[in-house]
Amino acid sequence: MPDQAMLVAENVHRHFEGMRAVDGVSLEVPRGKITGLIGPNGAGKSTFLAVLAGTLPATSGRIEFQGVDITRAPAYRRARMGLVRTFQLPSEFSRLTVLENLLVAAPRNRGDSLWGALLGRRYWIEDEERLVAEARGLLARFGMTAKESEYAGTMSGGQKRLIEIMRALMLHPRCLLLDEPMSGVHPRVVGEIQRYLQALRADGLTILMVEHELHLVEELCDSVFVMAQGKLIGSGTMASLRRQREIVDAYLVG
Amino acid sequence: MSLYVAAFGFGLVSTSVIALAAVGFTMQFGITNMINLAYGEVMIASAYVAYYIDSAGLSIWLAMIGAALFGAVFSFPINRFIYAPFQRRGTALLGMVIVSLAVSLMISNLMLPIVGYFSVSYRERFSSLLRLGPLALTVNQIAIIFLALAVMLAIHALLRYTRLGKAMRATAANPTLARSCGIPTQRVIDVVWLITGALCGLAGVVAALDSDSFTIASGAGFLITALAAAVLGGAGQPYGAMLGAVVIGMVTELSAAAWSPDYKEVVAFAILVLVMVLRPQGLLAKRGALAAAG
Amino acid sequence: MNTYYAANLLIFAGVDIIACLALNLQFGVSGIVNFSFIIFQAAGAYAAAILSMPPDSNPDYSFQVYFGGYQLPFPLPWIGGAFAGALLSIPVGLVVLRRLRTDYQAIALLVTSIIANTVINNARPWLNGAAGLALVPQPLQDHVDTSADTYQYLYIGLTAVCVAIVWFVAARIVSSPFGRSLRAMRDHELAATALGKNPVALKTTMFIVGGAIAGLSGAVLVGFLQVWAPSTWLYPETIILFAAVIVGGRGNNVGAILGALLVPVGFEEVTRLLTRLNIGPPNLIPALEWVLIGLFILGFMWFRPEGVRPEPRRVYEGAPDA
């Protein structure tokens, strides 16, 4: 139903050096649901996510976020509008501490401009303290309180994943684009992230998630899009997709 | 009009000089992803070696061979013992620029006490002019053009028809894949640096021959011009470097005829900056030189 | 130790500190590889000069050819110097601050500084070409006797005030949330973008701030030297400053100051000392100094890339004990 769509992609293409990484994908990400994006390796899922987020420009096509055409908007503006992505490869700010990684993301900080900086601590300390408290809350939720003052670059792969998710959450996003958020994360923490995402969904957050672990997809996602070779080849619930021969074939694993 | 025809002739000479330098430079970039900013200093050092051989009364051809040998022997350890270790360590691209800048600083200043500040030149020879209408070039200059042509053909033959050439192209395109196909990539890299080092030495002598005189300070100009041709043609592409040399050689000489010879080098430098900013992948390259997308 | 020697040492130290603080803001904190840094110092020096000098029609100055000559009183030339540095940052930044391989960016900027130097060197009517500008008036020379020792102290004082101002600005920037965003952009620009940071705006801002500070350093220097020529601002000067920031420790202001004292100042003093001891032919010492700087750079890049004083790790109030 169109009025429930959070994020709309219309015939999006992404061609680069002769390769059609995304070859005319059209889909609608429903509001307030967790939607999966699955497909074999090289299907173009991450590239598509990047194009939605704006970190890669679309070669052609149209993208709408909450009814606003964002096709030409740069990534940082999309993030400020509430469309936030995480990355497949570790992308923590390695020479900042874990806490600082989260604080960077926070948008409403008066000290985050040249003039704010020059006006000095007294000008921005209130915002800062509020955000430190908020960040610490997140760290506690995800069990990383002890690591607050460690360099993010020294964290394990799973911990870096968590930092990325927490960072994205500091932005109070409307729609989260997650690129394999559970890969490398300790099983216990996977459960924690799952519960957190479900709680956020209950609060109205929309999530589009690229994920390889199909059992996770089944547990978490309300519906799923399937991509292969840059094209969208199916959508629906996992159960309905399993019945479609081409999907199963394309995917190689059931 | 005849001014421009003469400029065209000079353009041919410039192209030859630049091509010799640019091809070696771009091949070093292609095989090790290394912008070797010490290249200009090795050129100058080799030019000085040739100068000493020349001053001793020996044939200029001997001097060229000496310079090429020197260039090879000098360039090889720079990569093996300085650049490669830093790269293996994971030093970022910018870090490698700083490393090669440090190396170039060290080379030029080590040379200073040995060769001194004053400019030198090779003995006068072959300066009789050959004329073809308004085109007038010295035998020296014509020899340079033929030398460059011969070397370009040799490079072409090497790359296209020899096993080594194929191994070089494979290593440059994808070192891991090349290694898994059984190519001894380390040895290929070593050989490339020897060959390009020899080219560098030869280019140094030729460039010095083409100027009235040269000093240690000439190194920066040689480097940037070679860099300009290499980047213009597409970094790492030898044929691109040749094309780049043609463009830069011609444009600089024509601009010298049109405005003033003082700014000849500046024109080449400006082309480099413009290319880097507007079309960093160069004219021929298929692969982009843009920042790696995350 | 005579006053002139002390003044020389302290003022050069001050200028180098100001320059290193600026370069650290650009390179160490924001990750901008400004290999053309020296042209901003030069812009400030030239601007301060032509703002304070009388016009070249003046009989004492007619051996030089230059534009300007407004004979403005102190501190206007110094403010003009900072302004010139900031102004020059805009076109240079616009052209080069795009998503480019970092090494290409660095080289494009390096070559830009060489182009600028060559052009100014050859274009005589602008800034007197290769000969450069001489007889640059000194600040407050109409009010204080410049040959007296007290003037030296005054100049040292003025330099110190500038250092304090720059330090204040740099410290506030680095310790603020803004500084944190800059460091994030330095560490992973793409991730910073995905979190709502506008990299072009951030980089342009710091390019201009750094440019202004560099310009100020040029103004301070030219007022003391009273001469300024293209040979004063060749591209290796940028390399010395980079070496200083790398050796001292990038990303933090104390490291930048340390680097300024160790590299440009340290080497200057050692050179002076060794030259006075008359070791070897006259050109040997400066040449060896450069070789040493090269070795220093390589050594630090290999053994201690974070520098003598690394960027400190920030622990926030109320953090749990480790």
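Each chain carries a letter (A, B and C) given by its place in the written order, and its residues are counted from 1.
Note that in this section a residue touches a chain if its C-beta (ideal position, glycine included) is under 8 Å from a C-beta of that chain, and two chains touch if they have at least 3 such contacts.
Keep in mind that this is a model prediction, so the values were computed, not measured.
Compare each chain's C-alpha centroid with the centroid of every protein C-alpha atom shown, and the nearest one belongs to C. Of all chains, the one whose mean C-alpha position sits at the greatest distance from that of chain C is A. Note: centroid distance chain A to chain B, computed from Cα atoms, is 47 Å.
Chain centres here are Cα means. That of chain A falls 42 Å from that of chain C.
The distance from the centre of chain B to the centre of chain C, each centre being the mean of the chain's C-alpha atoms, comes to 32 Å.
Along chain A, residues 55, 87, 91 each make contact with two or more other chains. Across the assembly, chain B contributes residues 293-294 that each touch 2 or more other chains. Residue positions 188, 190-191 of chain C are each in touch with at least two other chains. Residues 33, 95-96, 98-108, 111-112, 114-115, 118-119, 122, 188, 190-191, 235-236, 239, 242-243, 246, 280-281, 283-284, 287-288, 290-291, 293-295, 297-298, 301-302, 305 of chain C touch chain B in their complex. Those residues of chain A that touch chain C in the shared complex are 53, 55, 74-77, 79-80, 84-87, 91-97, 99-101, 103-105, 107, 109, 111-114, 116-118, 120-121, 124, 127-128, 132, 136, 145-146, 148-149, 151, 167-168, 171. Residue ranges of chain B in contact with chain C, taken from their complex: 35, 37, 82, 86, 89, 91-99, 101-103, 105-106, 108-110, 112-113, 116-117, 220, 224, 227, 231, 262-263, 265-266, 269-270, 272-273, 276-277, 280, 289-291, 293-294. Within the complex formed with chain A, the residues of chain C that make contact are 169, 172-173, 175-181, 183-184, 186-188, 190-199, 205, 209, 251, 311, 313-316, 318-320, 322.
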